[in-house]
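What follows is chain A paired twice: with chain B in the first complex and chain C in the second.
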Partner chain A sequence: MGVVSPGFHGRPRESSRRLPPGQYETHDFPVLSAGPTPRIDREDWEFTVTTETGDRHSWNWAELTSLPSESPTLDLHCVTKWSKFDTSWQGVSLDVLLTGVETAADFVMVSSYGGYTTNLPLEDLLDGQAWIAYGYEGDDIPPEHGGPARLLVPHLYFWKSAKWVHGMRLLTGDEPGFWESLGYHDYGDPWREQRYQGD
Partner chain B sequence: MARTAVPGRLGQEGAGTGLRWRVATLVERRAENATASTLVLDVAGWPGHLAGQHVDVRLTAEDGYSAQRSYSLASAPGGQYVEITVQRVADGEVSPYLVDQLAVGDPVELRGPVGGWFVWQPGGTRPVLLIGGGSGVVPLMAMIRARRETADSTPFRLLHSVRSPAEGYYAAELTSGDPGLATDFLYTRTSPDGWPRRPGRIRQEDITAFAWPPQTEPMCYVCGPTGFVETTANLLVDLGHDPDRIRTERFGPSGG
Partner chain C sequence: MADMNHHPDGHPASHGHGHGHEDSDEYEDGNAMAGPLSEIFAVDLTSAHGRCANCGITEPVARLRVYTRAPGLVGRCPHCAHVTLRMTRSPDNAWLDMSGTTTLRIPLTTT
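Coming up: the complex of A and B.
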């Protein structure tokens, strides 16, 4: 336990079984981005998976949205401390997108329109754990929240769920992405409070 | 998004140690306006920081419950003490405690510095455009102070949007006339008497009237409530500023 702050009681709280350590629940949907919101036309949108041998698999907007989709309800945990419960999304599971992709890679570098990148182990994107989402609460995803399409990997801090997702490179070795090379944790498990390097 | 920031900045205490929680002691409190105060903190073993970085502050109740929030560092790097400026958010869990309750001599836990992207370091070649909404001026002030402390001559401009003249921050210091720093204010609700601009949220003409044109390629730092940052960054892009030269920090849902 930390040093007690004299006279601090905190907000009355219910059992916070779903709240990872150091997080608080918010009903807003705050925004974390390092720069301006990029403008992406759906007509030009494309998502490309590039394997470690250079094979490319691409989907345009019509192709993505005609794949079988899922409607997961997810809890989100941002490294800036807010958590948001029961958000509903529509998107394509990465299991579907990666089915026909031949790879021996263990890692993935996700890239976004605007230049953002983030790294993950490939296994964290499989088995129903991750989606390329294009719908939020029954509507399009607002641009500031990553529309037209974003990655969702809700079991990791939300910076791993790249907004404005554009592609994925499958890699045999791990490399740091944008925040990861600025001192944020390589993996980012909110339940182990892996916010920064060394946590 | 060119990667010219500070790699591994947070790992500077050595691999494996990470960012430790440190116990800081409140040395002094200075009111900035009716809702915000600067807290001067003595942090034993502070590793130093860059202008624009923030700290995580943790409060712990007697029953062990704790709450964390982020606060930008307001002070220039290298001082004896570390300063943050906190605005009281009505019904907030942490900010009212920091602004109203934490007493001089009380301990408070923090860890940092955090964030290697929204930073400015002396010696750069680009002019610097700072646009802040409300308490979003805090990390921008750290940049202005870092520039002053190092006698850096990079041209700086600060545009600060506040509700009314009574809700300014660092008012005396900002109007004291740093050479090469121009400061202007926007009022969203109430302007001073005779102010030429009618009160209202930031608009394109505010930026064209005050900011450098895109051709001069300034580094732009935009900070404040999410809506303010979204609007301002979009206006800068509309005016032709390269998104790679626009760095943003979003503080929270509303206000400013």
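Coming up: the complex of A and C.
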């Protein structure tokens, strides 16, 4: 399955093929949130990767946005059953950010401004599968959609794509994040409909 | 009713059955809570008063700020925004996390 959709436009047959089981297509962009929307000034924004040995790598706003960026067009699949096709983003691939990070970790705990967390295998952030995004549809990412910067991991349910991303801890063992600790699936593959624990 | 032959803490079975009620190491399984729990969860918990584990302020559950446009329900303390109560539902299970609440005082109606 390709992560970056080839950019064809919605004939019904294409649409159903792009829709994971149990999902419906929506054309608006529902706002889901587990708390108040944090307002983070770009001057104060920071993204930090902490390795399992305690090494810290951090980027401020200027450093993030001066890195080589990509403009992926992505299909989003939310566990609450909506899917949205052909969203366009601008951001930095995690391959770029993690290239200088020495680690033997297999897992990552992502954390956000406001306290949200989500966990995923490190390998799901690599090989062109994930970005720290700071642009949406040619503009800044609105705060309610996770701006100034959010994680994008479109091949997993959208709760893994943490809004207001602030940091990542690289871990040698898996730990559950905010929804993963309350009944939601640890991995969350929409094509295998891994919504809840045991799915 | 309870089987008093269990001595999980390694105490020899020297306590006679007749001393059961004086032995603080004795316990029953969770079914002993069935009556009290059914009483508690049958009431409207929104009238219960919860103490926030973060700031220590006690408020009725009904005053929590509950975020519902999410994969679950997230209740936050109205004073410090700490998550005090979370619930999710799958087709087969309900999940409840009260780790952000230290105590819950539940008014009981006596008739």
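Quick note on the criterion: the second predicted complex is superposed on the first by the 184 of 199 C-alpha atoms of A that agree within 3 Å, B and C clash if a C-alpha of one lies under 4 Å from a C-alpha of the other, contacts with A are read in each partner's own complex, and residues count from 1 in each chain.
Here, a residue touches a chain if its C-beta (ideal position, glycine included) is under 8 Å from a C-beta of that chain, and two chains touch if they have at least 3 such contacts.
The model shown is predicted, which means the values in this text are computed figures rather than measured ones.
In the superposition on chain A, A:K81 makes contact with chain B only, not with chain C. In the superposed model, A:W159 lies in contact with chain C only, and not with chain B.
In the superposition on chain A, contact of A:G183 is made with both chain B and chain C. Look at A:L126: by the touch rule set out above, it reaches neither chain B nor chain C. Which of chain B and chain C touches more residues of chain A is settled by the count: it is B. In the superposed pair of complexes, A:Y196 makes contact with chain B and with chain C alike.
Of the two partner chains, chain B is the only one that A:T37 touches; chain C does not reach it. By the document's definition of touching, neither partner reaches A:L67: not chain B, not chain C. Of the two partner chains, chain B is the only one touched by A:Y24; chain C is not.
The contact surfaces that chain B and chain C form on chain A in the two complexes overlap at residues 30-36, 80, 115, 179, 181-184, 195-198. Across the complex, chain C meets chain A through its residues 67, 69-72, 74, 76, 81, 83, 86-93, 95, 97.
In the complex of the two chains, the chain A residues touching chain B come out as 1-11, 13, 22, 24, 26, 28, 30-39, 80-81, 114-116, 144, 178-179, 181-184, 195-199. Taken together, the chain B residues at the contact with chain A in this complex read 1-3, 5-11, 13, 15-19, 21, 23, 56, 58-62, 64-70, 93, 97, 101-103, 106-109, 114-118, 226, 229-230, 233-234, 236-237, 243-244, 246-248, 250, 252-253. Partner chain C is touched in their complex by these residues of chain A: 30-36, 79-80, 115, 159, 179, 181-184, 195-198.
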